[in-house]
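Common to both upcoming complexes is chain A, partnered first by chain B, then by chain C.
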Partner chain A sequence: MGRRISAYGLTFSLPMLIWQLLFFVFPLVFLIALSFWTVRNFRMQPDFDTVNWTTMYGRAIFWQAYGTTLALAAGAAVLTSLLAFPVAYAISFKLSDRARRWAIMLMVIPFFTSYLVRIYSWQVFLSDAGIINVMLGWIGLGPYGLLNTPGATLLGFVTLAFPLVVLLQLFSLIFIDRTLIEAAHNMRCGRLRTVFAVVIPSARVGLVIAALFAFILSFGDFVSPIYLGGGDPTTLSILITDTTKSGQQWPRAAVIALTMIVTLMAVAFLSIRFAYRGRK
Partner chain B sequence: MTQDPLVSFEGVAKRFGTYTAVQKMDLDIRQGEFLALMGSSGCGKTTTLRMLAGLEAPSEGIIRLSGKPINDLPSWSRDTPMVWQSLALFPFLSVIENVEFALKMRGMGRAERRARAEQWLDRMQIAEFADRNISQLSGGQRQRVALARSLVVEPQILLLDEPLSALDAALKVRMQSVLKQLQRETGITFVYVTHSQSEAFSMADRVVIMSRGRIEQIGTPQEIYRTPRTRFVADFLGSSNIFPGTLQADAQGRAAIATDSGTFLLDGQHGAAGQAASLTVLDTRMQVHEQRPAPGVNAVEARMIGEEFTGATATLYFETPRGQEIRVQKSHEDLADLSVAMGRSFHLSWSPADSHLVHE
Partner chain C sequence: MTLTHTSGAGFSRRAALALGAAALATPMLSRRAFAAPTELTMLAWYGHAEPDMVAEFEAANNVKFVPKYYTGGDNMLGLISQSPPGTFDVILSDAEYVQQLNAAGYIEPLDPADYAFDEFFPEFQKFPGHWDGDTLYSVITRFGFLGVAYNTDALTEAEASTYDVFWDPRLTAKVGHFDWHLPNLGQMSLLNGNPSPYDIDEAAWEAVKEKTLTLRPQVGGFFDYGGTFSSLDNGQMLAFAGIGDWITGTLERSGAKVRSVIPEQGGLQWTESFSIGKGSAKADLARAWIQYVTSAQGQAKSAQMAAYPALIPNQKGWEVLNAENPAEAKRQGMVDGPGSAIDLIRTGRIQYRQLPVQQSLEDWNDFWSDYKGA
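Coming up: the complex of A and B.
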């Protein structure tokens, strides 16, 4: 009996296991190995040398890029969460069931278009001769250098993460027990105060996970920093491409990639621990 | 009771789209009473309570609290704390934080509200759980937290929406006495919504019976139990035998009612002959005889079709030749002299004084 159940369970979990092994564990192991290889005459050769690690970790540019990426991704997570919350709140509490279904569908539509296209269209808005500066020109302002700024990069990150964050927040807000909100009102807790005293604590896990996704998406993004941020200041993703381009330094790129993976894992672990804190 | 009512509903109605949950209702709730709103689901009792708490806006009419109309007052500006069926305790707060919540919202300082909350936890005998999570408490303990949370503000009125329905039978009975005692000690007006007759009758000073958005009867438990005023109430309580019929006068000019099972005498005058009405007789007021009883009482012959022993009493079921079912409740001593047997015919009697009349 026990054997049959485990065979049954295995049938369904095996594809997942194979997938994880093929596309996560093996590449990761390879990446780790790669980070110890050496490059001679623009050729990589298997080796066990810590030179890539000491070189990368010894460079100021690496730590600068690390700080920039961390700050931008964290900023994007906070900004996207703040912008998305009123939208998710309105969809889950103010709309009729019918209107809510439409709103959810509208939030899915951005995933239909390529992220790259959406970023390019921001260029049309932000460039010196772009729509925003032209319109500001009509009232005698500008032009302002909007493109190639950290702000523009952040805007790209928000574009990337916003629909997903709204959806994730939405699904945690929808499942809040409405009687908790009524109970708060019943105890002299006004509308806005209820949002902070009841809605946000009730949806905490979902809200933190939504912010975590915004962080993850932004942390590894290459498109927005290069096309909207102009590659300056450099992020880790840009640093990886630069490293591979200059002298076939794939092993050093692997060092950056591994550092990013470890950072993401740490951030994910800490935020999930924070999300579930005090819960039993 | 010349005192002004604490709450009055004046022609209050509530419609949800085309559905009418509460039809033009007038109801006074007295200061310091324990009032039960009773009825089956969908009768409008919960909607009535929610309108009082400001969680639903009446479609029509005025609700007054201490004489002042409160229709336009949002829920958070009323002092009408409520205990939910689900209790609605905040799972992300500890027990004591839950109890402090309402005080915090009133801007009370930290030390003072903690002291007040502790006092109430103590009173509800759950002080030892102050720092626990809600999920670590049993059903009965949660109940006490919910009560403490609502009572900590020392309100004039407390609304309770079927708060005991999730508890097991023994705990339910214990919480009933806790609630009744609390109400007596604090003098707070309790408005208690329930579908359970035993809860309403054991705790309430007055019971309001509702059906399809209308009040069927208001009275003390005794009044309602002894003299259900409408056919619905008699049916709902299930403690009376109901004989539908037509009013008439018998040969001597005494008031009587002609039913399928015979013509029965009534006590006093009850309206014009020819009018449709139903006779109700409490199942505890019926006598069972083996011989035909002497004239002067109402009697009907019926065959015994079932019996049920429920603790101290037995419930016997009979059927008249015309197919009317009659229920009789007797103590075991009362039945000792009878040779009770299934299928046997008996004579069932009751005095005209125990005959009540209800109109449809």
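Coming up: the complex of A and C.
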């Protein structure tokens, strides 16, 4: 016998359902349909032709961009998680309540500024005549080509994801049962071992979800690969713009976008499965 | 000190009455001036509906421009195709896209008698692509050349006067591309000696691809409009393919050490022209705008547009510009004599940028993506 949905429950779940339908399901269905349309003389025509799929999947540049994007996003997720963890750990375990509130506020502040502006400001640091190379020059080093490199793109991804990852890790670490840590210490478990044997496993869900968000944000980002990476190497977001920029090939761009969505869903599914593995 | 009421300097009762009457009568005499301004929608590259360009026309005609800016011909076509007819009153287009606009029925035919073509240089009086037979669809308003853009600290003008400079070892990882296949591959085609760079057979196209791929190790990045500006301005890129004075001129005016030169293999020409959108309910005002911006005064203003400078096709506009701002006229080459902008065209050193003739646009675009990923 199925459970009846009460009016109360329906009232509160309906907005989410409508939201998902309007802003996820309908656009997704349209995107799928669009990927089968054709373009003639710069005009899109409703059709059912697999040419866009075969063309895009048959091109080496597509798979090259796919591999690059996947590697950069995975690298950003790992790097951001590693850099964020000591910060989140310190805020969670070492600061007073008052200092923790200030630290959380400081982590929120970057969201008040435009991501594009933050990325542009990195150019001032990374360019050949930028602040970093000038400072290196004082000790007789450089100049090094820092801008328009994959490393610079990665730095942009970290800039994008770092505050969010710290916050997500923090909320996971804060709610760890402190008695577990005390018990570890009572059993003569060293600080580092406590972190790896107690803290990280206890906060696993939050840590994995934080890394997942870093991956998602980086995977679809267009700003860093263009303005810090100099558009080289090509990522999937750049390939989308390239595809739409000439000949109105929105259906082919839809193929790329759908591939990105499927990839993100697969990564999210696997990550969450890993995060909750062994839990009831 | 004594205050006196005199009829000359003071504010007499008669003057007060006159002022009151004038204030009351003005709305009757010029109702239009006090009415809400008529909105005129313009689809254009950034800058064309900014105050430095439109303020005078807006004030004179009680019009308020509502711009929608695009970043490339395909983007423009996309915006029009996704909008109902009549959405855009005035449409600015690059020459190669006017035929697409006309074929898709997005623009109205124009009456040539409405525009000051007799003031234009002969080369621009019946510009290819703007006419379908004897029917006019678009009026050219500005143009410019694409050549080698370079950092003047890194290269001399003589060194930059050939596309071969892009392969100079000093420029390894310092050559930037404006990220659009048409101008870049057109320049490579010129370098390969194709007199009509966009009308090439398969063998020539293969040679262009082969030559272009050899440049890849020299390339430091592929940039959009903003990225091109900043990487030239901060010296990150020392030479640029696919652009010209429309970018370096803006930077040069603000003191950056960059210039553009037309290399010995020749340069490309871009053009911008105005059309009236199909179904526009304000076609009269749209026509008045095109008349204004293609007049000698409007053209001089257009040549000095804050967003990006350009050459102008109106010969009398050159005269006005030389009277108003001789330094800028000289900088852009809008002066009489050998070496002038029009002289470059007449001596055959400039070819039109256009869509590929013997290959599809898709072929060129796909190769460009492959080149970027190489």
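Keep this in mind: the second predicted complex is superposed on the first by the 275 of 280 C-alpha atoms of A that agree within 3 Å, B and C clash if a C-alpha of one lies under 4 Å from a C-alpha of the other, contacts with A are read in each partner's own complex, and residues count from 1 in each chain.
Here is the rule we use: a residue touches a chain if its C-beta (ideal position, glycine included) is under 8 Å from a C-beta of that chain, and two chains touch if they have at least 3 such contacts.
Quick caveat: nothing in here was measured; it's all calculated off a predicted structure.
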- Do chain B and chain C fit side by side on chain A after the overlay, or clash? fit
- Which partner does A:R204 contact after superposing on A: first (chain B), second (chain C), both, neither? first
- Of chain C and chain B, partner touching more chain A residues: C
- Message: For A:N186, using the defined touch cut-off, is the partner it touches chain B, chain C, both, or neither? Pick first, second, both or neither.
- Response: first
- Task: Using the touch definition from the top, say if A:R43 reaches chain B (first), chain C (second), both or neither.
- Result: second
- Message: Could you work out the angle between chain B and chain C as seen from chain A, using CA centres and rounding to the nearest 10 degrees?
- Response: 150
- Using the touch definition from the top, say if A:D177 reaches chain B (first), chain C (second), both or neither. first
- Touching A:N148, do we find chain B (first), chain C (second), both, or neither? second
- Closest Cα approach, chain C to chain B, once both complexes are overlaid on chain A (Å): 46
- Message: Taking the touch rule as given, give the residues of chain A at its contact with chain B in the complex, in rising order.
- Response: 177, 179-180, 182-191, 193, 197-198, 201-202, 204, 278-280
- Query: Any idea which chain A residues touch chain C in the complex?
  - Reply: 41-44, 59-61, 64-65, 120, 123, 127-130, 145, 147-148, 226-227, 229-234, 238-239, 242-250
- Of all residues in chain C, those that touch chain A in their complex: 72, 74-75, 77-78, 81, 100, 103-104, 173, 176, 179-181, 219-224, 226-227, 230-231, 234-236, 361-362, 364-366, 368-370, 372-373
- Okay, in this complex, where on chain B does chain A touch? 53-55, 74-77, 79-82, 84, 86, 88, 90-93, 101-102, 105-106, 133, 135-136, 149, 153
